[in-house]
Amino acid sequence: MTPTLPGRGFILERKKTLITITLLAALAAAVGYALDRRIVDQMGRTITVPENPKRIVSLAPNITEILFAVGAGEVVVGVSEFSDYPEAARSLPKVGTYIKPNLERIVELSPDVVIATADGEKEKEIAKLHTLGIPVYVINPTDVSGIITTVREIGKLVSQEEKAESLARKMEERINDVRERVKGLKRVRVLLTLSVEPIITISSGTFQDDLIKIAGGTNIAAGERVRYPRFSIEEVIVRAPEVIVVTTMYPGETYRRANEIWSRFEAVPAVAAGRIHVINSDIVDRPSPRIVDGLYELSRLLHPEAFPEGGVRGDADGN
Amino acid sequence: MSLLEGNALHFKYDGNEDWVINDLDFSADPKEMVAVIGPNGSGKSTLLKLLTGILRPQRGEVRLRGRPLKDYSRREVSRNMALVAQEGMGDFPFTVLDVVLMGRAPYLKGFALEGKGDMERAMWAVDVTDLAKLYRRNIQELSGGERQRAFVARALAQDTGLLFLDEPTAFLDIKHQISLLKLIGELNTRYKKTIVSVTHDINLASYFYDRIILLSEGKVFASGTPEEVITEGNMREVYDTEITVDINPVFKRPRITISGGLMK
Amino acid sequence: MGIRGRLVISTVILLVLAAAVAVFSLGVGSAKLSFAKVIFALLDQEGISPEVKTILFGLRLPRLLMGLLAGGALALSGVVFQALLRNPLADPFILGVSSGAALGTIAVSVLGGTVLFNLFGMDTAVFVKKLFSFVGAMVTVYIVFKVARVKERLYPNTMLLTGVIVNAFFSAGIMFLVSISRSDKIHGIFFWLMGDLSLVSYDEVVVVLILSIISFIAVYYLARPMNLLLSGEEAAASLGVEVERVKLFLFILASILTASVVSAVGVVGFVGLVIPHMMRMVVGPDHRVLIPASFLFGGSFLALADTAARTVVSPLELPVGVLTALFGAPFFIYLLRREM
């Protein structure tokens, strides 16, 4: 090939490349534009998100867990404080708390979509993000099947439908397993409390209540008008739970305290029978894939006879 | 027609059963010096407030230059009548000059600031009330008497034809009592102001005022010259005390001495 | 120094201060922007990256503007209430506006909350909450008005007492609602009870701006009568002030102004009480100088406190009421000691 001087020839050669590149870029942009989807979140809001979000911010620990579990962990660029599971999430940039997201941090991360929960009174933050052009997908699972639906929906949102579907199926299988095991067994009266003192329990409409139902128990606080009723010891004595479960982040300490405080109340069947237990709140209070682990734990505590193999931990997080 | 008239005035305070002012007639002519005396509760201070429009009578009316007082705006009233009364300046640190300048308020509307003329008037008032050394001081720091003089100065800055004073000599020492009385006299003779004072001091009223009005239980008991009003009979009836009345040799006016039961 | 002099000098100095606070606040935060960068960005919007643009114009600027305006409005209300009630301990919330507003918004949260959100979407939910907080505030104002107004006269002492009682009653109502609510709502309420400028929209800024301008002009027009009112109502009347009209007007105006600010940003304490005092110590009690000085300094103060609230424990945020108290109290004590 005759060497040509840089100049017209130079540009001519590259002209083709330039054109190709420009065309490709235009095509990509067009495709990208066309691939923006309109999606409806769990609060009925319609938002526009790109087909394959590359930068996702999670505003709650359970959302972080779900994202990692459906294989989207790599595209998560920011999480709320206390997003401590899985391990990889701990090193991600923090964008404030679940109650008070830090909008500046979120904006700095340039997310394609932000995922948030409906509770925690965040309407204003969500509205503000909306005016800043950042779409927010809001989830609101209220029972266990709602959590599974959320897994599927988030899977769809982050274009990981397959993984999400397989995770969802696994979760459903394990839930059915528990249902089978406790079928026909007499329901056990349960007090599930979020703290030792004061006793704060959960009423119907919470997923902890749903867990209890599936696990073959009866929630002694079901039907209360207030979602998180505070019970006096007297009230507990009257309702006579057979098992008391405390959800906590500090199992050892809480177990000691619970026994210390309640041991005098022999009138409560659970105390008399020594059936005061603690459960890690991460697997019971968090609507994430690990809720199934929580379900297993809970059923085992309620119906030990149905779980001769002892504690079972599945790979609920898809790993 | 008098300068200021009150006709058949009746007044009682909200929530009270009794009339404080009970069918009272009043008049003041230009350049008169009138003193209003009477026992506690006879309605003296209330009368001043009715005459200056601060309170409204339930019955009867007050007329200024023949027109009912309620036909005037507050501003117009305050350009005609100034009142010096007992009051505090609370917890707010205004200077004496600030307070005196407030007297110019009836002449300043809205956003307007005081002008040179206002300043001159205020400084004149400061001067005649002997506050020239104090006018930059904080009013909270002044003694009761000095504060009193500041309020007089404010009323003077108001530049009104009528001046009402409620117990003006109450907190003053002798020196300042005299100078205030002298000032009031000058305001009347030189500046032609009509003066109406409420006072407890029957003798001072007698020596310095042309006309005395003696109130009792919300009504005018007697009205006239000091000789006509300050009699042993009137004093006994109204004040329910033994009082001796003679003529003060210096002022040549009636003088009371309270004798009732005090002689040893 | 004459009043004109004091007015001009104080206004100029405080305007400069406000400008400095503004530029500083815009530059500080998660994304640090230098002084120069801020000025450039304000003048030429094209030359900066979209994230910076969003942060600056979408988040920090409305917040700053609201801080300046709300601070000014609260200080202005404080000046008015102190004159109206003839009491240097008065502040804009003394007549119960804050607890009424809080009760209004909390009632909506607790009793309506997610229902609203579900039925009508987010923006409506937020709007309804703010509306009810305004309504709640005006209810307390109405109660105080009804109780303390007898035969066309407004009695300041009765107003004070009624305000105290209304505050107590409504606060009990708030505690009641909080105790029967879902526990996770408490955080949001808590933030609102201590002030929160973080989510203001430009719409709200405009509303508060308009109200502030109108209020400022109206109150300034009444500056002299306010001076006179401090001598006592009778003295003021004898100096030509239509006392009852002025009192009623000031009461309604300051109440509406306070209610609006509280609906927008929650209860920010301290500003309305302390700023007028600080300014009185510096420029004197004459309202013709005090009013603009308090407005300007109140604005700078709140804007600065808000900037601190969002930066000192970043990425977490403190309620701005905490900062106003932390800044304000020691500074005020320092000034007080210097006076003595």
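To keep things simple, chains are lettered A, B and C as they appear, and every chain counts its residues starting from 1.
Following the convention adopted for this analysis, contacts are C-beta pairs under 8 Å (C-beta built on N, C-alpha and C of every residue); 3 or more make two chains touch, one makes a residue touch a chain.
Since the model is a prediction, treat every value here as computed from it, not as a measurement.
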{"item": "Chain-level touch network, classified as line, ring, star, complete or other", "value": "line"}
{"item": "By mean Cα position, the chain sitting nearest the middle", "value": "C"}
{"item": "Chain centre separation (chain A, chain B; CA means) in Å", "value": "82"}
{"item": "Inter-centroid spacing, chain C versus chain B (mean Cα positions, whole Å)", "value": "44"}
{"item": "Whole-Å separation of chain centres (CA-atom averages), chain A against chain C", "value": "39"}
{"item": "List of chain A residues in touch with chain C within their complex", "value": "43-45, 81, 94-97, 99-100, 102-105, 107-108, 110, 118-128, 130-133, 200, 226-228, 230"}
{"item": "List of chain C residues in touch with chain A within their complex", "value": "29-31, 50-51, 54-55, 58-60, 109, 114, 117-118, 121-123, 125-126, 179-185, 187-189, 191, 198-199, 201, 310, 314-317"}
{"item": "Partner chain C, residues of chain B touching it in the complex", "value": "14, 49, 52-54, 73-75, 77-79, 81-83, 85, 87-94, 98-99, 102-103, 105-106, 108, 110-111, 113-114, 151, 154, 158"}
{"item": "Chain C to chain B touching residues, read off their complex", "value": "3-4, 86, 88, 150-151, 220-221, 224-225, 227-228, 230-232, 234-235, 237-242, 280, 284-286, 288"}
